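One chain, chain A, appears in both complexes that follow, with chain B as partner in the first and chain C in the second.
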Partner chain A sequence: MGRFIVRRLLQMVFVMFAVSVLTFFIFQVIPNGDPAERMAGKQPREAQIQAIRREWGFDDNKFVQYYTTMKKVFNGDLISYTTQLPVMDEIVKGLPRTLSLAFGAAILWMFVAICFGLYSAMRAGKFADRFLTIIALIGISLPVFWIGALMSYYLGYRLGWFPNGGYVEFTKDPVDWAYHLILPWTALAILFIGFYSRVLRSNVLDTINEDYVRTARAKGLGERQIMIRHVLRNSMIPIVTLWGLDFGAVVGGGAILTETVFDLQGVGQYAAEAVGQLDVPPVLATTLFAAFFIVLLNAIVDIAYAYLDPRIRLQ
Partner chain B sequence: MSVSPVPTGDPLLTVEDLRVSFATEEGVVQAGKSVTAMTLMGLSRSPNARFEGTAHYKGTELINASEDELRRIRGAEIAMIFQDPMTSLNPVMKIGAQIVEQIQEHEALPDQQARERAIELLEKVGIPRARERIDNYPFEFSGGMRQRVMIALALSCNPSVLIADEPTTALDVTIQAQILLRMRELRDETGAAIVLVTHDLGVVADIADRIAVMYAGRIVEHGTLDEIFYDPQHPYTWGLLGSIARIDRPRPERLPAIAGLPPSLANRPEGCHFRPRCPHEFSKCSEVPPLEARLEGNADHTDRCWLTPEQKKELREVRPGEIGLPDKQTGVNAA
Partner chain C sequence: MATEPATETTLQGPAAWEEEADREHVHGLGPWKLGLRRLRRNKVALLFGLMFVLLVASCVAAPIWAKRVAHTTATANHLSDVIKVDGKDKNVVGLDGVPIGPQWLKADGKFLLGADRNGRDIMVRLLYGGRNSLMIGIVAALITMFLSIILGVVAGYFRGPVDAVIRGLLDIMWSFPVIILGTALGVALALGGLKIGPIHVAVYSLTIPVLIIGLVYVPYMARPVRGQVLSLREKEFVEAARAQGAGPIRIMFTEVLPNLASTIVVFFTLLIANAILLESALSFLGAGVQAPNPSWGTMIDEGVDRIATAPHLTIVPGLMLVLTVLSLNVFGDGVRDALDPRAKVRLEH
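Then we have the complex of A and B:
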């Protein structure tokens, strides 16, 4: 276990280093990437641009620039080129919003997908199964920006059942927090519900034919106990892996569209705006943030996997 | 050999004219042993399965029983040991939990007592350090040990009938002997009747009191161990006995076998199913012979062959003192 964690930490450092190098240098080579020109405003004088270059260190060797930028990342004093605001403050502000969205949606999609998948498998080939299959395929096909916009317009604006975007802090009012998040959670979860319930359905159908399920039946166990203790537990192993990875991906940027549609101002929305303005420091910071969560969740998934399936030992 | 006297009184479990067919099953070669065993516990039920005939356990009809009725019987009254111990235990549950689960399904025992019972059971089937091993997972056991766990599981509610579906097929011979010995001892200890499904006559000779020989879904002969081994009436039984490789005889060129293949279940021959492979076939064989006693003064020994007992006595002796079946085409003796 100790060795496993050390190895994963090393892996994380390597991944984040590679990600930072790639992100940084991509913004050096893309056209219209010179930040000094943009910072100088409309129709600047050459001297102004030069001054900004000198002040921000854009004249330095690219590698030196990378080094100083990364130093700022670790010291937490990275400044946005566009807004001139500290990047760290924005991320700290956006983090609880992004995590609230991701956590809620992940729990929602897992729960609903288990219900749908299990029910579908138990009714395999019958009407209910086919109906849920169609629903799942529709869910998978709906882009989140479209369904999100529709929900926001009809349920939020026209009917007024839900608030029209925005975020309330959990510590301030948990009920209002959830109330504001219901639509974003649903919009984000729909895609995953469709996908997960399909995967779970096929896993359950595979597991149902296993010899140990027949043994469970021969013991005289009830159908519910057989399904939950013997079938579901074994069918869930691959799903939990998927879940961890998807959760990491959602925190690390998968929720960009949802956050933007519902104006949650989380980290994803911040990243999206930064990319639109070719604002390197926030892009770099949010990319590292994303990489961090994805690698972290990968490690957590591996640990959870070993817990769920005792045949797997971490080494 | 432990041949206890055939028990008298009302039979515990009776099966009559049981026939199971599956709509989609085609061309599968099998005698129907396992399917019959599973059907008794309602484990072969599926939308494609059709059942004919009856089976009774202590007066309860099993074939058409409701799931709820069956659930009360399964595990508690009739328990089952399956063929492959490697896949028959849930890989992600501790073996103790799997045994406790069954005990608590049928008896209202608190956790601690159920656990103690599970430990006792594991000790009884010969698992060393049962108190520690109870918290191990199936993958931490060898095949033979897993089959012992399966037996402990099956015995956990003191069933009256234990159906063992080829319990030693997946094990090597040494382990096989140990498991059979243990099963025999447990049978004598607990008084449970064992229904053993197997194609291994060595195993049968070791443990059985009564034997039913099945061919292509039908029982072709039924009698006591001695009757089947020393006075077999059906040519298929002769063939089975003739194809045992014997260590006390000179080694034959080829292992004796019954020529031909079992029929596919989709198109079994009219009349006696064994007819196409039987060298003693004659005109009457196109009619299905009923399973009935044909020997004078022994109503218990039944078979499905039209030959007279005198003909059988003569035909089955392929060499002096040796039972067997000549090849239908070549006439070469299988024994």
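Then we have the complex of A and C:
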């Protein structure tokens, strides 16, 4: 087990390294304007531009530049080209917002999907099942930014039931925090509720026909206990895997659209703004930040799996 | 089976069923015919499949609507125009800058779904935007399919170091935060196009969104394909082909690939749906199809800023997008149930 974990962590480091190299060199190839000229302001003198180039090391060998950039990333010294603010501060500021959004949405989609999936499977083929299937398919067809914008306008602005964007810190007022996040949570969760309830439904239908379920029934257990203790528990394993992967994916990317629509000012929105201005240091940093979460959650899921199923360790 | 030799007169297993079918003059159906028969029974899936065909057809027919009915183009401004609605004159864009809403058929089909802030006809833009969205979706799905099949089949067939390299590649692709990178590439290229050696990508070309979206979903499809190939390559028919002297290329294409057909078909519809959704997300962040060229994503992006005064600018393209993706999802679901009821195909975006 120890060897598996070490191997998995080494693989994680390798993927992160590859992502950082690729991202860095993509921005060397694509046109993004000369950062020195941009920083020198309007009508700069040639000497000024040269000075900035020397100071920031834009004249160095590309590999040296990569090395210094990565050193800055690890020391937290990376500075934005456009705002001249430290990138790390912005990410640290946005992190609680992004995590609040992702955690809340993940809990919400898991809970609702379990209810939908279980109910759907128990009523398989009946009206309720078909109805929930259609709802789930509609859910996975809704673009999060569109439904988010409509919710924010109609429920937030027109009806005034919910605050129209913004974020309140959890430590300040937990109730207000949740109240401000209800709409973003819902918008982000809809898609995953659709997916998860369908996956869970088919898993439950598979499990229901297992021998041990029949045994449980034969020995006279109540339907409720069978469904929860025997069927649901065994149908949950693939779902928990997906949950880990998707949580990483949401922190590392899916949150961008939701944060932008609801103006949550998390890391995702910061990334979107930096990208819009082609501000390379924050784009690089947020890309690495996002990749880190994706890779980390992937590794955790794999390790958890290997712990549960020893055959995987030998592969 | 070696311990209990079958007598010469009684056949066992599939051979026995075939013999019985011959005796009773029943002809067996192939997996495709069976699948088609099952699909035909699924009326809901067929209905949504038909809806998708109609949506595609109406977008293909966009120029006809633009010329014959709306008398405008997708990018023509009508800021200061006045149209007759029920005999009364009306500004296309009000003096307060608010464009007119849906007119339905009151203005002879002009501005059927209203105008945007430049006085452009939403219906016309919707149809032309649909062309862009659908084309990006379909071409990107084809790219994904092509690459995933090659990578998945090669990795699964050769195993060993080849597999390790391809799996590493897929891991890297999987870990890339797509939206950040896709948007960054899109924005950069919108500024000045791209020149790498002899390849030149123009600013307004759709190549970049198509390529990005095509690449993103490769790991999602290549991994299951690889898994299937891993088990297919151990089957007897592959061994038989190898015994006949078939090389790896022939085995991969004529023996393994046909067995992946149902997976590929199922993936294709779902890939188009997800590619269309991702295109709209990239366009929403300003990196997909570039203005004034319409796509459903760019139209939503333009509409969201004006949602308070002209909600139709957001609702109409969004509904179109949802209908298209939904029809593909429902149809794809039906196809999966028909071809391979036990497959667990899953995509996300």
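Worth a mention:
Rule of thumb we're sticking to: the second predicted complex is superposed on the first by the 290 of 315 C-alpha atoms of A that agree within 3 Å, B and C clash if a C-alpha of one lies under 4 Å from a C-alpha of the other, contacts with A are read in each partner's own complex, and residues count from 1 in each chain.
Definition applied: contacts are C-beta pairs under 8 Å (C-beta built on N, C-alpha and C of every residue); 3 or more make two chains touch, one makes a residue touch a chain.
All values derive from a computational prediction rather than experimental measurement.
In the three-chain model built by superposing on chain A, chain B and chain C fit together without any clash. Of the two partner chains placed by the overlay, neither chain B nor chain C lies in contact with A:82. With both structures placed on the common chain, the touch criterion links A:100 to neither chain B nor chain C. By the document's definition of touching, of the two partners only chain B reaches A:220; chain C does not.
Once the two structures are overlaid, the count of chain A residues touched is higher for C than for its counterpart among chain B and chain C.
Look at A:233: by the touch rule set out above, it reaches chain B but stays clear of chain C. In the superposition on chain A, A:309 contacts chain B only, with no contact to chain C. Legend: residue contacts after superposition of the two complexes on their common chain; A:120 is shown touching neither chain B nor chain C. Smallest inter-chain Cα distance, chain B versus chain C, after superposition on the shared chain: 8 Å. The part of chain A that touches chain B in the complex is made up of residues 210-212, 214-223, 225, 229-230, 233-234, 237, 308-311. Taken in their complex, chain B has these residues touching chain A: 41, 43, 67, 70-76, 79-80, 82, 84, 87-93, 101-102, 105-106, 137, 139, 150, 153. Listed in rising order, the residues of chain C touching chain A in the complex are 168, 171-172, 174-181, 183-185, 187-189, 191-194, 196, 273, 277, 280-281, 284-287, 297, 300, 304, 307-308, 311, 314-315, 318, 321-322, 325-326, 329-330, 333, 344, 346, 348-349. Per the touch definition, chain A reaches chain C in the complex via residues 11, 14-16, 18-19, 22-23, 26-27, 29-33, 137-138, 140-146, 149-150, 153, 157, 191, 195, 199, 202, 242, 246, 249, 252-254, 256-257, 260-261, 271-272, 275-276, 278, 283, 286-287, 290-291, 294-295, 298.
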